[in-house]
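What follows is a pair of complexes built around subunit A, which joins subunit B in one and subunit C in the other.
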Partner chain A sequence: MNRTYINKIRSFMATNTVVPILIICFLGASIFVDTFFSMSNVLNLLNQNAMKGIMAIGMTFVIINGYFDMSIVTLMSLTAALSSGLQPSLGTGLAIVVALLVGTAVGAINGFLVTKARINAFVATLAMMLGCRGASYIYSGEKTIIPKSEGFLAFGSGTVLGVSYISILFILLLFVAHFVLRYTKHGRNTYAVGGNARSAFNAGIDCDKTTFINFVICGFTGGLGGVLYAAFLGAASPSVGWPDLHMMVIAAVVVGGCSLLGGIGNVWYSLGGVIILGMISNVLNLLNVQAYISTLCTGLIIIVVLYVDRVMHMNRKRKKT
Partner chain B sequence: MRAINKMGVFLKNQVIVLAMCMIFILFSLLSSSFCQFNNAMLILRQVATFGVMGCGMTLVIIGGNFDLSVGSLVSLCCVVCVGLVNVLGPLPAMLIVLAVGAVSGLVSGFLVGYLKLNSMIVTLGMMSVLQALTLIVSNGKYIPLRRVSWFTALGQGSIGVLPISTIIMVVVIVVFATALKRTVFGHHVLAVGSNAETCRYSGINDKRVILETFVLSGISAAIGAILLASRDGAAQNNMGMGFEFDVITGVILGGTNLMGGSGNVYKTFVGMLIVAILKNGFVVIGLPYYSQWIAQCFIMIVAVWCANRAIQRKGEIE
Partner chain C sequence: MKKQILAIICASVLTFSLTACGGQDGSSSAAPTGASSKTEAPSTAENESKSDSKKPKIGFVFNDVSGDTYMTTYYSTAQSYAESLGIELLALDSQNDMTKQANQVRDLITKKVDTLIIWPCNSEGGVASAKLAKEANIPVMTANTPIDKSGEEYLTCHVGPSNVREGEETTKQMIEDLGGKGKFLYIDGKPGYSTSTQRQEGVKNAIEGTDVELLESQTGQSSRDKSQQVMENFLIKYPEGSVDAVMCFDDNEAIGAINALKAAKRTDVKVYAVACGDYNTLSYIEDGTLAGTALQSPITDAKTTMDFALKVAKGEKIDTFENSIETPVATPSNLKSLNVEKW
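Here is the complex of A and B:
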């Protein structure tokens, strides 16, 4: 009885490699860094990474589908600029709606280019990345835009019991995304298309539609990320996140254990990946490490986690055969 | 008739060259100062770094991988190069810089080739590592070139009318193109890119080939950095920021297959020229420099779309 229980845990750990990695990181951080294990710091960790997490949710859909979206972060800077710059003329509510619509539209363009024009997803989203970046510089005229609405800023900085509104939104979206991926037709189709597009097509799944919807979802989360970013920081500058934040979002999803080849993963993996990357920078901040040593460590740890993940996957494969 | 058909096929293969000419003519019509000898030489100088980096990137992409670390590698190499030229003199400094590039390529090549990690994420990790090393080496400071030597001639001088950096770039491109087309190594790269599994069964050491492509990419980035440092006469720690995207854009415009297996170094150069002409042209006709990104976006989509349709049509005829 006891043994089957242990075996179950072991196989769970082996399938969800992000869990043991997360536990090791968390324990290591708690033991070696005094100030890490406190309620306020852990909440801080969540609050700081909520926006990245929201974008990672959208990215998870696209990555499970077997593609990835390079444009998400420049899209974020564009929608951040739009949602703050349009506030005086359109009013806060409408400005947010416009920003979200722009995000969705860019996602739809990505989806169209990938499914209908059959352009390699890397190229299409790279092109859109440049396009959004140009648009965001042109719109903001290279200036930082300050959102004027007080309610908007209050939403960005407000908290309930230490958890920011943005984090609550993030957690809600996690459950919604989990539900969509697990219990809806679209979610199951996403796994099928990512796992093997040809057999999914032969089984009668509309692959193009599934991919298109996933890119739209990703664009929407990019737009939402931008709006929240502007609200959180109280400023929107066109250079935000350039050049490596979108790679960090992809890295978070992959470090969490979603396969870049598609078909494997869920939003909890992405949550784990976001937390791992966030924890690294948090711990290095607490240790008062210079910013560039912290960049160095982030790079090294991404590589190490990727390697550990691979080794664990290999072990599992060997056991199976 | 046959001659016309042949001509048609030839033109179809050279769409990217025609596109470049059209963009050039367009800018010439828009601004009288664009189509001038000095400006053309300026574009050639500007493209030198990217042209050299594109060679290495083409090999990596043909091998089926990506190298996103080249931009940060250029920053690191520039800082090391200028710092060492001040201390050791040009020649030893340049050799050390080439070694730095090779070692960086060796590390990412080992991780991608031998440990089979995803190249995008690995080189992203390398990007952070190299950025950090740049800051550590330079201490976050701007390093000017203090010693006057022939080093500055590499980027600033010219032989006759041709800039020296352009000549170096052409030599590098010819060497890489010949290596890809005419040597066993080049054929191995093409083969590994199209199907690594088959290569392994036919006795090609695919891990080593991938490692070598990354080393070459590192070396080409180092050469690019030397040209850039010499042209600017100084080094900053964010000099190469975002270069990787420009270089990848050029390679894509050049028609290299992103899944690996086919590509052409000369066409990559044409792609790089398009990027450089856009950069220069938008500034010359007085638009803000960032409008080039939107143009790049459209040109990339249109170029790949056309290439796809050409491939589809070919499939239908066959």
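Here is the complex of A and C:
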């Protein structure tokens, strides 16, 4: 009885390698870094990374589908600027809606470029990234825009028992995304298309439609991320997140254990990845590592984490979640 | 099973590599145990530290350390100077990314620093961070670049170069050189940029009530090329004898203006730059092509900021909110006597 229990845990750990890696990192950081292990810092970790996490949710859909989206970093700065800059003329609610619609539209264009125009996803979304960057600089006139609405700012900085509203939204979205991936037709199609597009097509799945929807989801979360960042930072500058936020989001999803080739992964993996990367930067900051070394360390640690993940995977049969 | 052991070894290497980074740092600036901090305390420059055997812990978020020479020098000076003052400095680089800066401020708050210094990535974005630290009962000050007026209520003080004062002092030097009477042109920085408006304000303050007249002001967009074009047009419009000097927003623009003068072979116009933050520009003062500029040294900037931060960390009262650093006006005649430290 006891043994089967241990075996169960072991097989769970071997399948979901992000869990033991997260535990190791967390224990290591708690032991060696004072002030890491405190309630306030753990909550700080969650609150800092909630926006990135929300974008990682959208990215998870696209990555399971076998693609990735480079455009969210500048899409985010564009929607941050729009949601702040339109507040005086349209009102806060409408400004947010417009920003989210822009995010969704950009996602739809990405989806169109990839599925209908048959442009490689890397190049198409890279072009979109540049386009959005230009648009956000043009819209904001190179200036930082301050959101005027009190409620908007209060939402960005407000907390319940130390957990920010944005984190709560993040957790809710995690459950929604989990439900969609696990229990809806679209979710199952996403795994099928990402796993093997040809057999999915032969099985009668509309691959293009699935991919298109996933890009739209990713665009939406990118737009939402921008709105939330504007509220969180209390300001929207066109350079926000530039130059590497999209790469960190993709890295988080991959560190979590989603396969870049598609077909494998879930949002909980991405949550783990976001927390691991957040923890690395948090620990490096707490340790006061010299600026240039800190960037170098982040790169090295990501490689080590991925290697550990690879080694732990070797025992495990390649199996779809 | 072997593979799993290997994985665990890798993981421990990872955690140890983390602590190794921290360890290096600890030996240089931080003292992790109480005993060693006691032994280091007497070596600090301040004698007042008898009562508090603990080193003051100061957090500093930088805008972009690798951005230019000024910031790089500032960063290294702040670190070495903090060490000599016996400060434990936690210096983080935001790499010009607001989102990183916001996270770093939060990390420093959890680290419970005694004072937090923010060099904001941008003035508006710094407000939320300052507010957050203030709410956590950590005194906050801004360095070099001030944050938006709406955030000043959260700050203890600001230390940095005063653009208005630089404008005033360089212009006074120019008035003196012109013998109290003359005509000059102004090449402005980027329009709408707070530094531009403040420097121009200083220039206007200084000429008020004097016989020195501002003929025309145009923007050089803070760029060398643009400023050169503006100056070329000025030189056509104002022939020899009709103008005595040109004042530029910064040394970069001044070099543009100097290039235009050289090309037109005109020597009747003196060139001034309101302020200069680049050590290489000093060679232009040496050979006399640049008649005067307020020297804004990153070394002075960093040291003054750390002095103030130490005061704030000790709970001393800071009398004034705006604390400007020394920016002496350098001219070809006094450059040697200023003994400018190279950066």
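By definition in this document, the second predicted complex is superposed on the first by the 315 of 321 C-alpha atoms of A that agree within 3 Å, B and C clash if a C-alpha of one lies under 4 Å from a C-alpha of the other, contacts with A are read in each partner's own complex, and residues count from 1 in each chain.
What we mean here is this: a contact is a pair of C-beta atoms (placed from the backbone, for glycine too) under 8 Å apart; a residue touches a chain by one contact, two chains touch by 3 or more.
The structure displayed is predicted, hence computed values, not measured ones.
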Next item on the list: Scan A:R118 for contacts with subunit B and subunit C and give back first, second, both or neither.
Entry: first
Next item on the list: Pick one for A:L300: touches subunit B only (first), subunit C only (second), both, or neither.
Entry: both
Next item on the list: Classify the contacts of A:N196 with the two partner chains as first (subunit B alone), second (subunit C alone), both, or neither.
Entry: neither
Notebook entry, point to check: Which partner does A:L126 reach: the first (subunit B), the second (subunit C), both, or neither?
Noted result: first
Note to self: Per the contact definition in the header, classify A:Y292: touching subunit B only (first), subunit C only (second), both, or neither.
What the structure shows: both
Next item on the list: Using the touch definition from the top, say if A:N47 reaches subunit B (first), subunit C (second), both or neither.
Entry: second
Checklist line | Broader residue contact with subunit A after superposition on the shared chain, subunit B or subunit C | finding: C
Check: Taking the superposition as given, does A:L260 touch the first partner, subunit B, the second, subunit C, both, or neither?
Finding: first
Margin query: Counting contacts the way the document defines them, which residues of subunit A are shared by the two interfaces, the one with subunit B and the one with subunit C?
Written below: 242, 291-295, 300, 307
Item checked: Residues of subunit A touching subunit C in the complex -> 21, 24-25, 28-29, 31-33, 35, 38, 40-41, 44, 47-48, 51, 143-146, 153, 156-157, 229, 232-235, 237, 239-242, 245, 281-295, 297, 300-301, 304-305, 307-308, 311-312, 314-315
Next item on the list: Please give the residue numbers of subunit B that touch subunit A in the complex, ascending.
Entry: 68, 71, 111, 115-118, 120-122, 124-133, 135-136, 140, 241-242, 244-245, 248-249, 252, 258-259, 288, 290-294, 296-298, 300-301, 304-305, 308
Note to self: Could you list, by residue number, the parts of subunit C that touch subunit A in their complex?
What the structure shows: 3-4, 6-8, 10-15, 17-19, 21-22, 25, 29-30, 62, 65-66, 75, 89-93, 95-99, 102-104, 106-112, 121-125, 127-128, 131-132, 148, 150, 192
Notebook entry, point to check: Which residues, counting only subunit A, touch subunit B once they are in their complex?
Noted result: 113, 117-120, 122-124, 126-131, 133-135, 137-138, 142, 242-244, 247, 250-251, 254-255, 260, 291-296, 298-300, 302-303, 306-307, 310
